[in-house]
Each structure stands twice: as structure tokens, then as C-alpha cells.
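The same chain A turns up in both complexes below, where it pairs with chain B and then with chain C.
Now for the complex of A and B:
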């Protein structure tokens, strides 16, 4: 019986001119968004590969110079475009793609794609995620508002209920039918998505992420289908159901995300860039115990002399400047760790507060999961930034160690060469496994699961209330 | 087959149906006559369990409708004043859909076309979308649904209202065929002529009460009209 209801629903919806127009519009937008996103991702991927190779070439081919000068010359870390970023570019446009890695300084990321946008960018970019998160639910709402209320208005519900159809079968059949009709546009989009993943981008290892992303969106659509069915079963008319569902859609998709963002910012404010830099500059002068940088270096010198059992720097078997520079790095690294640690912790608190909104508004949970699975959320950015910073410290340490080891006699006249530059392996970054996403978005997953249970429960309760 | 035993219905203290006791036997066509609000549709809705009775029981083939509605609905077919079908589906597809939901899932397309042909819809019409059907054609699909469902009882609520005389006559003929097959028919109607022509027994309802019952073959058209008007005036 359920199969018959599903077939009839799909057949009827597919023959409805309104569905055809709406579905084709959404499909065109979805395919266009995927194509634009794929092209941008593929092009960014190629550009960053080329730029990274060039930067590496500049590093290894730099002329002979003092290793510490080379550390100041620095290298660039290019944030890779994740394979699924063509579906959801997440926070990437706002976080920057390039980090300049040099001695003494943990630089911010630069080259934010959003900064290159024109005034028209304020209207928002067309992304596949936007279509899936906002437009597909709108299509569901429009299609499903009359699923029961419309049958009641047209009189077919009387005919339907008179034949002895079980309310549970009716609910399941209607919802599967709506889902089936949606698949008419989502399956082609998914095939295009898979093709895009396989062609032009390095999609290796993204299979599980893609499957989970598809499952998340499927779950989100089921939530909307179930809620729409429930509202339609309760509503006295299609018009009332549509108004109610459009209200829900508007609050969920347009108002709640903005309200959530503003609220968590107020709850857990982040310092301005100026304030952040001012605090770090102050901490470079003295630590929290009041110890100044000069006192730190004096203590370090005493410790080195004691370690080597000598009385003066001149008696050391190594270049003290190299050791001192390394100590200087550790001093500033501690400052960076404290300040960036506080900043990251604030972002985490913001995200945790944000994730609570997912229990009230499924859009908030789905958006976070989508960005997480696409590898374009805050956590992925932090992971990359941390990896880049670790590489910076490693590179600077290699330079300072070399200076300390080989610069005893020549001092700052000591020159490193191609062999030294090449001894520092190029920066390589591997996007974390899918478990990383689950570890950071467990609450969002729970929220979406909760909405699934609630939606389906309401749909089944609504089905029991279906009356002529 | 169809039994109402002290069946009553009240809405917020207003009695829509006073205790009604009525039996429609297999093969019998019982026509309920009466003005709007007389309780005819309420009676049918109680057999369909669209509303819960305030008292008494409605039974179909011995099963109480309010206790086991899914089972009783499997035994029934229902044709309202306007047979509402899915306009984007053809007559054939509508028949197939309602047949499956009614528990008959083994019909081939040829058999379904046969049912429609039996009620006067040829294959070309059967394959057209219902959106283009006249009311008479939709009523015929309704009858085909009842035939395909192999219903033991048929509930009709003003089924010939708005039909032209020819279509109305064809409808009565089809009812006769169902009656011959042993289907118990309870039909609410304003149409005294059609009731007299089609029915075996006629009941006149007024303000929720069954005030008179006569055998159709024991009363002429004029006398039936007289009796009806007399009850309406009282």
C-alpha cells in the first residue's frame, strides 16, 4: 500500500507544472552553483599549487646568507582548497588563504577572498550549500503544504479515507513520495557533484566525507518533509499550512542564523585585531609574572654558561647568538600560544554556544555540519593554522640550530647555503580524517538527529489526527 | 449487511441524528430522502466512521464501524456528491490507486480498463487525465472503484446531484447491476424520482429522525411526493 501511495505522489507531483518550474529553477541554480564552486576550487587549487612550488623554489634557491636572515626571509604556507569546498566554502572566504612564516612572528592569514569581492558580493554568493540549505527546504514547503490540507480542500481526502488506508501508511507514503519527487532533482545534482569531485580536484579520501555530507542533507530534507506533513495535517487549509511553514522557513533559514551569530558574539566577545596585537606586544615585553624579556635573556645566558660550565659567552663551544635567538623564539612562542590559545578558545566557546541553537533551528546544525564535512569550518582553519605555525617554528629552529652549531667562529658572518635550505622539508598539510569532523560537531549531529525524531514523531501524530 | 442500531449523533448538545435503527440487506437499495440537515449525510458519515457515534452502533457485515474502522472500510465503497479524484492522474490511474488502497492489488491494466468500460468509460477516456472529466465521468469512475473493490456495501451521498437525466439514468442502471451482485446500497438523495426508480425501500428523514419507511414498489411517484411533502410540512 505504501508503495502505491509513493508512486502516486511522485507521479502527481511530477505532472504538476508548478513543481516542474520550481524544480527546474532549483536544479539549474544548484548545478550552476556546483559548477561555479568547482571551477573556483579547481582554479584556486591549481594557483595555490603553482604559488607554493614557486615559494619553495625561492626558498631553496636563495643565495648563501646567514641562517637567521634566511629565517627572516621566510616561506609561505598556502591553505589548500579542500575537495568538497566547491559544495560549501564555509568560512574560507573570510579567513584568508596565505600565511607568511618568518622568524619571531606568527602572522595572520592574508588574502581573504571576500576582500576581493565587489559591492555586489554583499548580496551573497551562489553556493551549492546555500541552495541545499535554503532553497530546497523552500521547495519542500511549497510542495508539501497541501499534502493533507490540499486533499481535504479538494475532497480527495474523503475518498482516500473511505477506502480504509492506515494513517501511518498514508504519512509514510506521502513523505516518501515527496522525497522521491525531490530525488528527481537531487539525484542529477548528486551525480554532478560526484563527477566534480572526481574530475579536476584531488578528491581522494573524500568519499566518506561526501557520503556523510549527502546523508546530512538527506536528513535535513526529511526533517522539512516531516514537519511540512505534520503542519499540513494540522492546518485547516493549504493557505494556513503554507503561511505557517513559510514562517518557520524564514525564521529557521534567514533570521535564526544571524541572531545566533550576533548573540554568541555578545556572549563570548573576541578582541579587535588592534587590541589583540596590543596585548601581544605588551606580553613580548614582560610575561604575566612581571619578568621582562631582558631578564629572561639574562637568565637564559646564565643557564647556558652553567650548562657548558664556562664563565663567559666567548668560552662557549657554540655560537651563543644562535642559542639566544632560539630562546627568543621560545619566549615569543609562549606569547603566541597564550594569546592565540585564548582567541581560539573564545572561538570554540562561540561555536559551542552556536551549536545549542541547532536544537532550536535545524539550519544552524546543518550549516555547521556542512562546513565541517566540506573541511571549510573554523576547526579546519585552526588545524591548518596550527600546522603552519608548527612548521614555522620548526624552520626557524633549524636555522637557529645551524647558526649555533656552525657559527661559533664566523658569528653573523656565517653563511648557510642551498644544502641547509633544502634540509627543511617543504610544508605539507593533510586535511584531517572524517573523525575530526564528528569530534567537533557531535552536538550538531545530535541536534539534527533530534530534529529528525521530532519531525517524524510530529508527522506520525499528525497522521493520526487526519480527519475529513 | 448495513445495520444501524439506536445510532445517534450530537454536536455540542445539538442532536444531528436521533436513535436510528435501520438494516439494509445484501442486494437491497435503501434510499434516504430528506431536506438538507435531515441527518442523511450524518448517517453515512457514521457508517464510514468519519464521525464517532454519540450512542448506538453502526455495523457493516456484523463489524462495528467505530471499533474496527479499517476493516469496515475495506467492505465499503463510498460515492459522494462530487467524486473527487486526482486531477493530474488519468481515470485508469485513479482506479488503480484506489483499488490498491482498498486492498485489491492484483488487477492488470486490462482488467482495470474492463471495469471502466463496464461503467461506460472507453479506453481513450480512461487514459485521459481526470482534470478534463465531466462530473458524470467522475461518478462513473467512482462506481468503477466500488466494483473493482468488490465492496459488500455501497454508501452514496447525493450521487446524482447535478447529473443530466441521461447520466443519472446510466448511474441508476449501474446501481441496479451492483444490487444484482448482492451489494447493499444506502443512498442519500433529494431526487425522489431517481430514488423511486432505483431503490427497493425508501426512508424519509426529518430533523435527524427516520420518520417514514416505504417499499418502493408499493408507492407511486405522485404518492411518494405527497408523502414527502407532508412530512416536510409537519
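Now for the complex of A and C:
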């Protein structure tokens, strides 16, 4: 019975002129978005690869100079594009693409692509994720609004029920039919997506992410199909069902995300760059216990002298400048850890508060999950920024250690050479495993799961109460 | 005729106000506007606090330096090369005296946040290369930037049309389905006049509601007194023109006999196309067909140029002094020449990178010209650009300001760098001459011109659609 209903539904929808026009439009947009996204990601990837290689060659080909000068010269870190960013480029346009890694300072990632873009970009770019999150649910709503209400209006519901079709079968058949019709659109798009991933830049390790991404979107569509069915079963007319569903769609994908943004900023205000720098500068002068930097260095010197059991810096077997520079790094690293820690914790609190909205508006949950799986959410950015900062500290430490070890006699006239520069291995970064995404998006996953249960539950309740 | 039309208007008004869904829709719309205006006002206030503190910081630094300068005895030794000293041009121009150039929000800024959350509204100007200005940015959670703000411009551009379409999707269809349209058609009034009366009443109602809610929102947040009436009136004109366009769309869809459900679907599709799809496609087209040269490459090139110039540092400095005998310091070379060499290297790097940086700026200009052209693809974009223009949060004003900052930065360098080369220490007479930034806004007539064009662009399709509807209505089949 269910099979017959599914076949009938798919055939009917596929013959519907509105569906054909809408489906072809959505498919064209989806494919165009994938193509544009793939091209942009591939060229950004190639460009950043080249830039990273150039930065590395700048580093290793430095002329002989004092290791501390080399630490000041530093390197640049370039944020890689993740393989799945062509599906969802997430917050990538709004995070800086490069950071200058140098002695003494943790620099923020600068040059946000959107800041160089035009005002058009704030209307949202054409991305596959955008099509899947916004347009496909709309297509579902328009197709499904009349699924029961329409049968009732045309009087065919009476016939259907009179021949003994069980309402549960009707519900399952109708929903599977809608899903099946949608697959006519989504399967080709998925195949193109997989092909793009395989052809694209090193997509290895993205398989499980891609599968989960597909599962998340599938879940999202099921939520919409179930909700649409439930509303259609309840509504007195197709018109009422359509208006109710369009309202839901609008609030979900348009109003809620923006309203959430202003709300989370009020709950957890973002500091201004000025304030951030001011606090950091103050903490560089003195720590929370009131100990000044000068006192810290004096204590450090006393500690070094007693460790080497000598009375003056001149008697030390090592270059004290190198040790002192290293100590200064540790002092400032603590300041950076505290301040960037606080800043990022604010962002995380904002994102977590936003995720609560996901329980009321599935769009918010799906968006966060999609960005997470594509590796383009804030958590991935923070992970990369942290890795870059660890590399900076490592590089500076190698330089300072070398200065401490070898600079005893020559002092700041001591020169490091090519061997020293190449002893610092190049910066390598691995995008975290898929478990990282799950660990940070538990709330969004729970919200989507909740919506699946709620949607299917409503659909089944609606099916049971189908009346002529 | 006018009295007949007047009676039709009164009748439509009674029908409208008797409809409970109209009141529901109005209350929701009004509340959204109030919330949006409140958001905008609080955003602008927080920005003003930041800009005030930035400007105060600049003045405070200069005052401190002047005091410090006064306390230095006349026979004190010259400043050390690397030390902080109120007499050293490098120390003042790069660190202690560095000033901020600010972009103050205009009166209508609370109505459209525009790009002010993304683009820095203040820049720290130092003697360093102008390329450093490009790295400036304000802190913000990228997820917040991605979502955008809930401001009045958002409510008007995205939601206003939906409310209009909700009131307008069944202008004739409902009467036709209810069977009353035939009775109307039997009266000595044309269908066009009948539809016109409906649109005038509904349009007047929505526009009045939007205006009153905006004014109330401003009043509640204490922001109404500072509003320039002329600009506010222009804002409402753009609002009216944008609303008129959407009513025209509703009318043209109603001019063909269809069921109200079909009308609703078509109108939702048109809205989706013009407000969501076309803007996204336009933005993507600009970026794909005319991509920006890469910042990433620019950084690499900067590094290469700077390595090259640093290697020839001493030579470059000698060349500076050789070419400009007036810049050569009197007396023996000192450790301060290390700093001079840095400036010489920086000048060389800037000189080498100039073609690349110019290409970058030219491409940015081209993109903005294109964006201004592509906005014509959708009334939503036209209205949005016009709102940002009126609020002073649009791309044109911002770019104008960045140009002024660039020339201020040049003046700053021109003041400090030659003095650094000459080892000419700053004294009490030099301080008042330190360039200060003041932004003369772009001329009002420029803004008026752009908003005027936007109004014409919005009204043109409106008139065409209305004209077509009148013709089409003559062939309207009243009978179901």
C-alpha cells in the first residue's frame, strides 16, 4: 500500500509544472553554487599554499643575523581552506586569512575577505549550504502544503479513506513520496558534490565529514517534510497551510538568526579592539598580583644566578640575554593566553547562546552543524589560530635558546645562520578529526535530533487525526 | 468621480480596519520596527563611546607629550635613537603621538548599521607604511558578522515586502472567490479604480504604520531630537517608493484571474527571487567575474621587497641623503641613523609595491562601480544602498573617508619622516603644526544625487507595472 502511495506521489509531483520549474531552478543554483565555491576554494587553497612556501623560503633564506633579529623577522601563517569549504564557506569571509608570527606579540588574523568585498556581500553569497538551508525547505513547503489539505479540498481524501487506506500508511507514503521527489533533485547534486570533493584539493579524511554533512541535511529536510505534512493534515485549507508554513519558514531562516545575533551580543558583549589592546598593554606592565614586569625579570635573574651558583650575569656560562628574552616571552605568553582566552570564550559563549535558538528554530542548528562539518566555523578558526600561536612560540624559543647557548662571548653580535633557520621545521597543520566537530556541536546536534523527533511525532499525530 | 473614489476609499478603509488579521500583521510589523530601531540606536551609541575615547586618547597623548617637552631642560643631551622622547620624530610619530582618524556616525546611522560592524571606523595613523592601514580591523565574533544585524534597513528591505504581499496577494482574488467581484463590476466604476482604491488605502496604511513606528522607536530611544527632518523625509520617500514597487507587483499578479493560493505562491517566488536569490547571485558574480587581487600575494610581495630593500639599507639611506641634500643631518652620523635607514628602507618598499598596491585599489574601485551597477538587478539592493547612503553607513562614504585617511597619513609621514632624516628634534613650535585629522563629509549633493537616482530606479518599474495592470484589467474575466 505504502509503495503505491509513494509511486503515485512521486509521479504526481514530477508531473507538476511548478515542481519542475522550481526544482530545475534550485538544481541550477545548487550546481552553480558548488562550481563557484569549488573554484574559489581551489584558487584560495593554491594561493595560500604558494604564499606559505614563499614565507618558508623567506625564513630559511634569511642572511646571517642575530637569532633574536630572526625571531623579530618571523614568518606569516596562512589559514588553509578546508576541503569541504566549497559546500559551506561559513565564517571564512569574516575571519582573517593570515597572521604575522613574530617575537613578543601574538597578532590577530587579519585581512578578512569580506572587508575587501563590496556591500553586496552582506546579502549573503550564493553557496550550496545557502541553497540547502534556505531554498530547499521552501520548495518542500510549497510542494507539501496541499498534500492532505489539497486532497480534502478536492474531495479525494474521502475516497482514499473510504477504500480503507490506513491513515498511518497514508502519512508514511505521502512523506516518502515527497522525499523521493526531492531526491530527484538532491541525488545529482550529491554526486556532483562528491565528484568535486574527489577532484578538488586533497579531500582525504573528509569522507566521514561529507557523509555526516549529507546526513545532517537529510535530517533537516525530513524535519521540514514532517512539519509540512503535519500542518497540511491540520489546516482547514491549502491556503491556510501554505501561509502557516511560509510564516514558519520566514521566521526560521530570516528573522531568528538575526534576532539571535543582537541578543547574544547583548548577553555577552564583544570588547572593542581598543579596549582589548589597552587591557593587554596594562597586563604587560604588571600582572594581577601587582608584580611589575621589571620585578619579574629581576626575580628571574636572581633565580638564574642561584641556579648556576654565580654572583653576577658576567659569570654565567650562558648568554643571559637569551634566557631573559625567553623569560619575557613566557611573561607575555601568559598575557596573551589570558586575553585571547577571554575574547574567544566570549565568542564561544555567544555561539553557545545562539545554539539555544536551534531548539526553537532548526535553521540555526543546521547552519552551525554544517559549518562545523565543513570546517568553517569559529571553533576551527580558533583551533588553527592556536596552532599558529604554538608554532610562533616554538620558533621564538628555538631562536632564544640558540642565543642563550652560543651568544655568550659575542653577545648581540652573534650571528645565526641557514642551519639554525632550517632547524625550525615548517608550520604544518592538520584539520581536526570529525570527533572535534561533534564535541563542539553537541547542542546543535541535540536540537536537530529534537526537531526530528518532534516533526515525525507531529506528523504521526496529524496522520492519526486526518478527517474528511 | 473624485467623490465616488473618495467613497470607495472610505469603504476600503472600513473593510481593512474590520479585518482582524490586518491588526495582527500590523502589530507584528510595528513591534519588529521598534525592536530594530532600538537595536540600531544602541549600536550607534556604543560606537560613539568608542570613537569618543579614541579621539580623547589622541588629544591626551599630545597634551602629555607637550608637558613632557616643557620639562626637558634646554641643555639636555639629544634623544637616544631607540628611546621614547617627546623630541624624537620617530618616537612621537610612530608611538606616543600616533593619532586616530575617526569616522563619526551620522544622524540617521541608527536606521541602517550597514558595514559599520565589519569595517573599522577608526584607524591609527603612524609613520609606518600605508599598507599597515589595510590590516586594521575591529574585533567581532565572525558568526555575528555573518548573520548581520537586525536593523530598520533589514526590516524594511526584507520584511516590509512580505507584509505588503500579505495584504495584497488576494486584492481581487478573494472577492472573485467570494462572488462579490461581479457585483462590484456591475457598478459604474472600473476595476482599475476599484483596485486602485484598495492599493491606496493599504499602501497608505502600511506606509503610515512604518513611519509612525519608526518615529515612535526613535522617540522611545531618545534619538528623535537629533534627526535632520530633510534626511528623514528622504528616508521615508525611499521607503514609500520601495513599498510602491511591491504593491505594483501585487497588483500585476492580481490583474490576471487566478486563485489566491496561486497568487500567494507567485508573489512569494518573486520576493524570494528579488530579495534573496538575485542579491546573492549578483554578489557572487562580482567576485567571480572580477576577483580581487589577493591580499595573501600582496603580503608575500611586500616581504620580498622588504628583504631586498633591507639588504641595501645603508645604500638606500646614502641615496636618500645624496638625492636630498637638505635632508642630510648636520654633524656626525649617530645611532639614530639606524632609524633613518629603516625609513629609507620603508620608502623603498612602498615605492616598489606602489604598482601592486595601486592595482589593488583600482580593482577595489572597479568592484564598487560594478556593485553599484549590479544593484540595479533588484529593487531590494537599490533600496538597501539608498538607505545606507542616507544613514552614512554605505560603501561610498566609507571609501571617501578612507581616501581622506590616506591623505592624512601622507601628511603625517611628510611631517615626521623628513625631520627624522634631518635629525631635527621636535620643539614647542613644532607641536602645534603636527597634522590633525578632521573629516569633511562628502558633499550633500552627491548623496542627494545617488538617492535621487535610486528613487527614479524604484519608481520606474512601479509605473510600468501599474500601467500594464490597468491595461490588463480591462480584459479581466470577472466570472469564476
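One rule holds in what follows: the second predicted complex is superposed on the first by the 468 of 468 C-alpha atoms of A that agree within 3 Å, B and C clash if a C-alpha of one lies under 4 Å from a C-alpha of the other, contacts with A are read in each partner's own complex, and residues count from 1 in each chain.
One rule holds in what follows: a contact is a pair of C-beta atoms (placed from the backbone, for glycine too) under 8 Å apart; a residue touches a chain by one contact, two chains touch by 3 or more.
Model, not experiment: these values are computed from the prediction.
Asks: Looking at A:63, would you say it contacts chain B, chain C, both, or neither? Reply first, second, both or neither.
Replies: second
Asks: Regarding the shared-chain residue A:130, is it in contact with chain B (first), chain C (second), both, or neither?
Replies: Only chain C; A:130 stays clear of chain B.
Asks: For A:5 in the superposed arrangement: first (chain B), second (chain C), both or neither?
Replies: First partner only.
Asks: Thinking of the overlay built on chain A, is A:55 touched by chain B (first), by chain C (second), by both, or by neither?
Replies: After superposing on A, A:55 lies in contact with chain C but is clear of chain B.
Asks: Is A:259 touching the first partner chain B, the second partner chain C, both, or neither of them?
Replies: second
Asks: Contacts for A:96 in the overlay, against chain B (first) and chain C (second): which applies, first, second, both or neither?
Replies: Only chain C; A:96 stays clear of chain B.
Asks: Who contacts more of chain A, chain B or chain C?
Replies: More residues of chain A are touched by C.
Asks: So which positions on chain A get touched by both chain B and chain C?
Replies: The answer is that chain A has no such residue.
Asks: Write out the stretch or stretches of chain A touching chain B in their complex.
Replies: Per the touch definition, chain A meets chain B at residues 1, 4-5, 8, 11-12, 15-16, 154-156, 158-166, 467-468.
Asks: Using the touch definition from the top, list the residues of chain C that touch chain A in their complex.
Replies: So the residues of chain C touching chain A come out as 32, 35, 39, 50, 53-54, 57, 114-115, 118-120, 122, 134-135, 137-150, 154, 158-159, 162, 260-261, 264-265, 268-269, 272, 276-277, 279-284, 286-288, 291-292, 294-297, 299-300, 303-304, 307, 311, 364, 367-368, 370-371, 374-375, 380-381, 384-385, 388, 394-395.
Asks: Write out the stretch or stretches of chain B touching chain A in their complex.
Replies: Contacts found on chain B: 48, 50, 69-74, 76-78, 80, 82-86, 88-89, 93, 96-98, 100-103, 105, 129, 145, 149, 155.
Asks: Enumerate the contact residues on chain A facing chain C in the complex.
Replies: 18, 22, 29, 33, 36, 39-40, 43, 47-48, 50-51, 54-55, 58, 63, 76, 78, 90-91, 93-98, 108, 110-126, 130, 134-135, 138, 142, 238-239, 242-243, 246, 250, 254-255, 257-262, 264-265, 270-274, 276, 343, 346-347, 350-351, 354, 377-378, 381
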